[in-house]
Amino acid sequence: MNVESLYQEIILDHYKNPRGKHPLAEAEGESYQVNPTCGDEVTVQVARDRDGHLHVGYEGQGCSISQASASVMAEMVEGMDVSTADAVRHAFVELMHSKGAVEPDEEVLGDGVAFVGVAKYPARIKCALLPWMALQDAQVKAGIGTEDQGEAR
Amino acid sequence: MNVESLYQEIILDHYKNPRGKHPLAEAEGESYQVNPTCGDEVTVQVARDRDGHLHVGYEGQGCSISQASASVMAEMVEGMDVSTADAVRHAFVELMHSKGAVEPDEEVLGDGVAFVGVAKYPARIKCALLPWMALQDAQVKAGIGTEDQGEAR
Amino acid sequence: MTKPLDVARIRRDFPILQRTVRDDRPLVYLDSAATSQKPFQVIDAESDYYRSCNAAVHRGAHQLAEEATDAYEGARAKIAGFVHGRPEDLVFTKNATESLNLVAYAFSNGAAKAQHGDDAIDPRFVIGPGDSIVVTQMEHHANLVPWQEVCAKTGATLRWIGVDDDGRLDLRDLSTIIDESTKVVSVVHQSNLLGTINPVSELMAHARAVGALGIVDACQSIPHMPVDVNELGADLVAWSGHKMLGPTGIGMLWGRPEVLEAMPPFITGGSMIETVFMDHSTYAAPPKRFEAGTPMVAQAVGVAAAVDYLDALGMDAVEAHEHVLTGYALEQLRNVPGVRIIGPQDDHARGSAVSFVVDGLHPHDVGQFLDDHGVAVRVGHHCAWPTCRRFDVPATTRLSTYIYNDTSDIDVAVDGIRAAQKFFGV
Amino acid sequence: MTKPLDVARIRRDFPILQRTVRDDRPLVYLDSAATSQKPFQVIDAESDYYRSCNAAVHRGAHQLAEEATDAYEGARAKIAGFVHGRPEDLVFTKNATESLNLVAYAFSNGAAKAQHGDDAIDPRFVIGPGDSIVVTQMEHHANLVPWQEVCAKTGATLRWIGVDDDGRLDLRDLSTIIDESTKVVSVVHQSNLLGTINPVSELMAHARAVGALGIVDACQSIPHMPVDVNELGADLVAWSGHKMLGPTGIGMLWGRPEVLEAMPPFITGGSMIETVFMDHSTYAAPPKRFEAGTPMVAQAVGVAAAVDYLDALGMDAVEAHEHVLTGYALEQLRNVPGVRIIGPQDDHARGSAVSFVVDGLHPHDVGQFLDDHGVAVRVGHHCAWPTCRRFDVPATTRLSTYIYNDTSDIDVAVDGIRAAQKFFGV
């Protein structure tokens, strides 16, 4: 285990070139989340279109892990139907809590698989989860989805 | 060191037959002292007559050490002139803090010498000192003596 | 079937029990209600923590910090499990006294903040004139004085359930004591002076019925019997580590999640915050909200080791063992003329703290004679002074047992009492 | 003449420094401002206490209780002596955060009791609308949030002394900040984030001049330099055991006797009382008044052993050693392009906590790279979030040294920073 396993290429790329980092024009729900120990912050906004597809935008500042995670999240779930997005979130949360024991499924997680190394650094798991917690909370506030309230804690 | 060195005959005698245990008719000062850990209590009253002699009375309840000490005190200082009484109290307090290293002077301390064993039982020193603290405090309140306020703590 | 305790084997785990006192007498430790002794497993767990992974928890990105955090949070999970609670609902404090103050301050802080315009305070914690707080006449000062203070600061009224001659709660007028004005019912599970085990779930049901918060002081029960916090029916349960084989300097508070969530903070500072600005702050969720500053990490690790030790014995077995000792102590003491037991006379619903007075002897003098026989007991009012007053005694002498005691210890104590009687000629 | 520290010899006393982290790298511990490591002398003092004389203190007539009381009070005397105070004026708490809360609560409790008709409260502790409390913009949350809470409960106003670009207090408008309305001036001696050493005796003199109580947070000074509490000119001084080689779970509060005597209690319960009745109680004199419940006995013994250890080195020598390390760290960091030091740029009036940010890198990522090199540092806002905001950084990475560090530790850290820069291509 070393630091390169944590900072995979994909993560560095999302960190340097974030996708979806912008406010959402007509947000239905918004959530601000902060990591009280290091000060990382992220605000996620969500909306659902007529076809039931999710749209997300975010703002934030923080370490490479939290910011890359936000970018991966925004890119992946943008335009997804709500239940698929929920499934991705579930899979990501599970991966983070796996202590490295779960083999991530690229089919489901896409670029999210790059975070597999994070699960071995307990102090960084919170960083990676921060935007996903915000997504869930924003959805709940907007009344979009999700039965699984509180599970990403 | 054993328990008989603590409970000398004189102490048992004073415990069973307390002297001076009564209220004082015309008290000029009074002090109530309590040992907060075991609940021993003593109230000492003092007055000074025209000739400058001290008169004391007390009430109290508690263990043999505290009650015998009160009795010894009342018997000894009753009728003494104030400065002699102060000297006795000084000597008694010193003995109690001596950890057994001081040879008590019977000339000064009278029956008080019997408390020499108490100094080796830290938990009981407070018992023995309780009435003497009350005496000092009562004198201070009555304006009788004593420059050495607070020293018996 | 519970396996009986092997006292001889247990004693070998406690280094202090190998020592002698006063002229080479073997130590007979009968003061576990004050504080228990510690097996080497607990002592070593603490030193190993310092030797191998000490660091600030929940902070820092380094490996030591990760390991220290694991040790601390792992301890929390283990200790919570011991009382069938969830880790998220367990708060670490410095002792049970702090745990109880933490709860009491929720009310005085809640009242003060509400008065100064904070309308986010849960109304359950806004207390004032016309409201009442109910305790019992057998509380430890730790569960009495903090409530007196709340009353002095808010204008609320303190009420109490009396104690009968047998040392049991007098529950006859309960509905006039716990009524619609009542916002708090806080009672001791097992009295540290009388040994009485109170019907706490019944009392907690009364609290619930009037919408009051129910609090249990479990200092003397959790170390000595199986306790499931859910079954107590309480909102909050407080106890200490040092009475259950653990180190000094750590206490516990378990709370129902919904209640902890609603409680305003007590001690404030680092680690209990969410955001901090110069002029205001927001607070973290429980349990962190109640754990300001650098926590008692090594001590939590020590209590977790104590839990392992007790779990290996089985709390059923611990309870059964102590029940036998209690019955034996009561019987032996009854056989000594002039001895009067303060507290329930029989071993029904009764723990192992046995208080007594001896005619013609002051408890302090009894304790001194026992000490001379190598027996460590506690004398005094045991931080339950009003309970002494109730029985019209200035103090008592108290024997209290634990897993490392057997009946021979009680025999030595009884010999000491007889010797004191003989010496003083009573 | 102070004797320079023999770091190699000192390191042998610290078991944890013999271990490796992450792929067998030797541990480089540069996080002592968060918590220090413990020499075996401290670890053993604690275990020896449990092995040989553990008992409830100030109670019980038995020999163990006597020995435990001696150990506890002996520790108090030694620790008080370390800061040139008297034992009677030293209060034990669970950490510095509790010490500071104890003081803050004297004001909110005082105000609430006075409001409910208690006219025995010293007017200095009766605070309310129109009164002000003064802190600085570089306080640790532990010396900020409790005062925010006092304001929220009493209507008093919080003011603060700002920080300039070099990380020093901006003392220009002092007389408009500390004025006749001021009842409290509470300031940090040495900032745990910036490293700044503040002119506390000057500030305390200002407090005295307007009749305000003066409080010093000495968490980062007492472990690192000779401190005489009398010379600070403060009424109250707070610090922790775990940052000065001592165990977790213990803090200290020294107070001027006259001030402690006037202060209402904080945590209430056993051992802090004089008499207790069901409906009211009276309180013991300090320090006991502020030590409710079973105290941190083993932990006090541990801090006393830490004091022995530091005394043997000499605090002058400790200070001199750290001064060299601080100068070296500042110089080495300045040599790394892209590194910006947050706090005083030179080693004048400056302690060994050195915070910095690296252009293009988040502090968390820097910390992670250092960890990969075996270097333990702290990242984040260091419980001084408003100070980070002042410098417009979300967080910093902080190196902090102690007696067991030498310049080679700083070299390893600087290598780690360069490696992070290279990896992230900044």
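First chain written, first letter: the chains are A, B, C and D, and each begins at residue 1.
Note that in this section a contact is a pair of C-beta atoms (placed from the backbone, for glycine too) under 8 Å apart; a residue touches a chain by one contact, two chains touch by 3 or more.
What you see is a predicted model; the values in this text were computed from it and never measured.
Chemist: Comparing centres built from CA atoms, which chain ends up most distant from chain A?
Modeler: Following the centroid criterion, the farthest chain would be B.
Chemist: Considering A-D alongside B-D, which chain pair is linked by more C-beta pairs in contact?
Modeler: Looking at B-D and A-D side by side, A-D shows more C-beta contacts.
Chemist: CA centre of chain A versus CA centre of chain C: separation in Å?
Modeler: 44
Chemist: Report the inter-centroid distance (CA atoms only) between chain A and chain D in whole Å.
Modeler: 38
Chemist: Mind checking the centre-to-centre distance between chain C and chain D? Centres are C-alpha means, answer in whole Å.
Modeler: 30
Chemist: Please list all residues of chain D that touch 2 or more other chains.
Modeler: 22, 59-61, 65, 273, 275, 364, 368, 371, 379-380, 385
Chemist: Which chain B residues touch at least two other chains?
Modeler: Where chain B meets two or more other chains at a single residue, that happens at 37, 121, 124.
Chemist: Across the complex, what residues on chain A touch chain D?
Modeler: So the residues of chain A in touch with chain D come to 1-3, 6-7, 12, 37-41, 61-65, 67, 121, 124, 127.
Chemist: Sort out for me which residues of chain A touch chain C in the complex.
Modeler: Chain A reaches chain C through residues 34, 36-37, 121-124.
Chemist: Which bits of chain D are touching chain C when the two form their complex?
Modeler: Touching chain C from chain D are residues 15-16, 19, 21-22, 27, 29, 31, 34-35, 37-38, 40, 42-44, 46-47, 50-56, 59-65, 93-98, 100-101, 108-109, 112-113, 116, 118, 137, 140-146, 148-149, 152-155, 158, 160, 240, 242, 247-251, 265, 267-273, 275-281, 292-299, 364, 367-368, 370-371, 375-380, 383, 385-386, 389.
Chemist: Using the touch definition from the top, list the residues of chain D that touch chain B in their complex.
Modeler: Listed in rising order, the residues are 58-61, 65-66, 69-70, 273-275, 284.
Chemist: Quick one: in the complex, what on chain D touches chain A?
Modeler: Touching chain A: residues 22-23, 362-365, 368-369, 371-372, 379-381, 385, 388, 394-395, 423-424 of chain D.
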